[in-house]
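Every chain is named by a letter (A, B, C and D) in the order it is written, and numbering of its residues begins at 1.
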């Protein structure tokens, strides 16, 4: 590890120098180009794991390890998220005090639309995730918002994900400088090292997917949010994307940000966009 | 839940052993409890669940020891993806099976689950168990009054990095 | 409240395969909560499956059975449309029961 | 042999003794303030470490218990951690690009 970080550090200095030289005129490299990013991102994983079927990347660690995949398939026969799914379905249909339901807040009544979230809201000029939209719907109908990291939000998103199972991720980036900025902000967050462990998301999910960090096999970054929300045996309960980001931060000894803060919504935007074309596999069961 | 150890426990085991032998001896007397073919009786085996080691638990549950048999197929992962939810299954080609039990050797109490298999039920069970640490999982099948076992080590460690 | 027992009983030929998932914390009594206090043991002790008034499968469970426990077994002599009665009792005396149709 | 042994012991004791006077609350307050300032800056950069927060709390706890030596040591460690997280945030502003898949 020591030598590798020295090289990284050395190349960082070199990059700084190059960056300084090139910054006089904006080169293509610095222009935000999501279309090029998705091609490069997907090819990286397709070449690194040539015998993993493309749609299998939506199954996270189970696309990387046969023994784990077998345990997962056994659990999938009667998955532990059954109860959260049923609870979510019931909640989704239960009207608010004012008689409206979630279906009134979402296109197509909220059924089979998860693959389009998060989207960039051009009125507000920011990324709106499924979890944020659900709480906004609650508040718009006079209900208290749910916690982003607790069961109710996980059950609701589990049901909405289930209605989209198999549909391909389809995130759009409008030609709006603020949308491009949000995408870039998400990308920067994804590659930025943080916490005393000095890891970025990429340190684990780009450099060493398939390897173990203690008992856990690391999932590839490609399609890593397609299974959200996930029932983790470690939590023995459902967990939303927000909960996963918060726990990942604390594992690298970085103090987590507020759920649904800009960085989290933007990194979700980035990770979902680069997974376009891969199927929604949520809700998922994970170690 | 203090486990009664020392002389008192062994005296009880002997009594229990004697009782079950007597029952077999009585053969087909119309007895309230079905004539016990040494199958664990209907009552919840409180004592067996209290034992620490799997040897004591097997003795408390069945009152005899088991011999390994390749007719007992134990299916458990190499490395458990999570110690809280370990999918473990057993199937056997032995016949006249009356009971199947699972033991996790170094759990606080070895006996994890015990199943009664009445006539007409296929001798095969899948379940999800908790394992405190890397240790042996032992499956016991009681067939025609005799005990057969299969053992497999399952590795269990904590997940995640710094924390 | 919806039943805590989810059952899938599918029969082909003479064999009926039964899968059950039960909503229960299965606290072992060895785990501490966030305040550092031991969470008392609370787990299902007996789970029974009855067909035609006869037990076809009885589980005696300890605290080492996973949360939201799952079990799968098969038995002979039942056919599509028959009823299968499932019931459990835990160490606090709580219980639940349900009847499932064999499909 | 015995004389040089006791000499060595004497020297060791002198060095082991804390500086002329025991650490006082004022020393602790200064060290804690420096650590807290660095910690606030790290939070401002949205790059705070959990270990900084924990060590800062340990410093306060030791001080409340009157153990100012340990409190100062912890405050100094917290400051070092906070400074490291600040350096990480500033250097990563550009360094992240080296890991980017292009």
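As a convention for this text, a contact is a pair of C-beta atoms (placed from the backbone, for glycine too) under 8 Å apart; a residue touches a chain by one contact, two chains touch by 3 or more.
Note that the structure is a prediction, hence the values are computed from the model and not measured.
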{"item": "Contact-graph distance - origin chain C, target chain D", "value": "2"}
{"item": "Touching chain A and also chain D, the following chains", "value": "none"}
{"item": "Core chain by centroid distance, with centroids computed from Cα atoms only", "value": "A"}
{"item": "CA centroid of chain B to CA centroid of chain D, Å", "value": "54"}
{"item": "Chain centre separation (chain B, chain C; CA means) in Å", "value": "18"}
{"item": "For chain A paired with chain B, centre-to-centre distance based on mean C-alpha positions, whole Å", "value": "43"}
{"item": "Centre-to-centre distance between chain C and chain A (centres being mean Cα positions), rounded to whole Å", "value": "35"}
{"item": "In chain C, residues with contacts to at least two other chains", "value": "67, 70, 72"}
{"item": "Touching two or more other chains - residues of chain B", "value": "84-85, 126, 128"}
{"item": "Junction residues of chain D, two or more chains touched", "value": "none"}
{"item": "Arrangement of touching chains [line / ring / star / complete / other]", "value": "other"}
{"item": "Pairs of chains satisfying the touch condition", "value": "A-B, A-C, A-D, B-C"}
{"item": "Residues of chain D that touch chain A when the two form their complex", "value": "43, 46-51, 53, 81, 84-85, 88, 91-92, 94-102"}
{"item": "Touch list for chain A against partner chain D, complex", "value": "8, 11-12, 15-16, 19, 29, 37, 40-41, 44, 187-188, 191-196, 198, 200, 202-203, 206-207, 250, 253-255, 257, 263"}
{"item": "Chain C residues within the chain A interface of the complex", "value": "2, 6, 8, 19-21, 23, 67-68, 70, 72"}
{"item": "Footprint of chain C on chain B - complex, ascending", "value": "1, 40, 42, 44-45, 49, 84-86, 89, 104, 107-109, 111-118, 120-122, 124-131"}
{"item": "Chain C residues touching chain B - in the complex, by the definition given at the top", "value": "15, 28-30, 41, 45-46, 54-67, 69-77"}
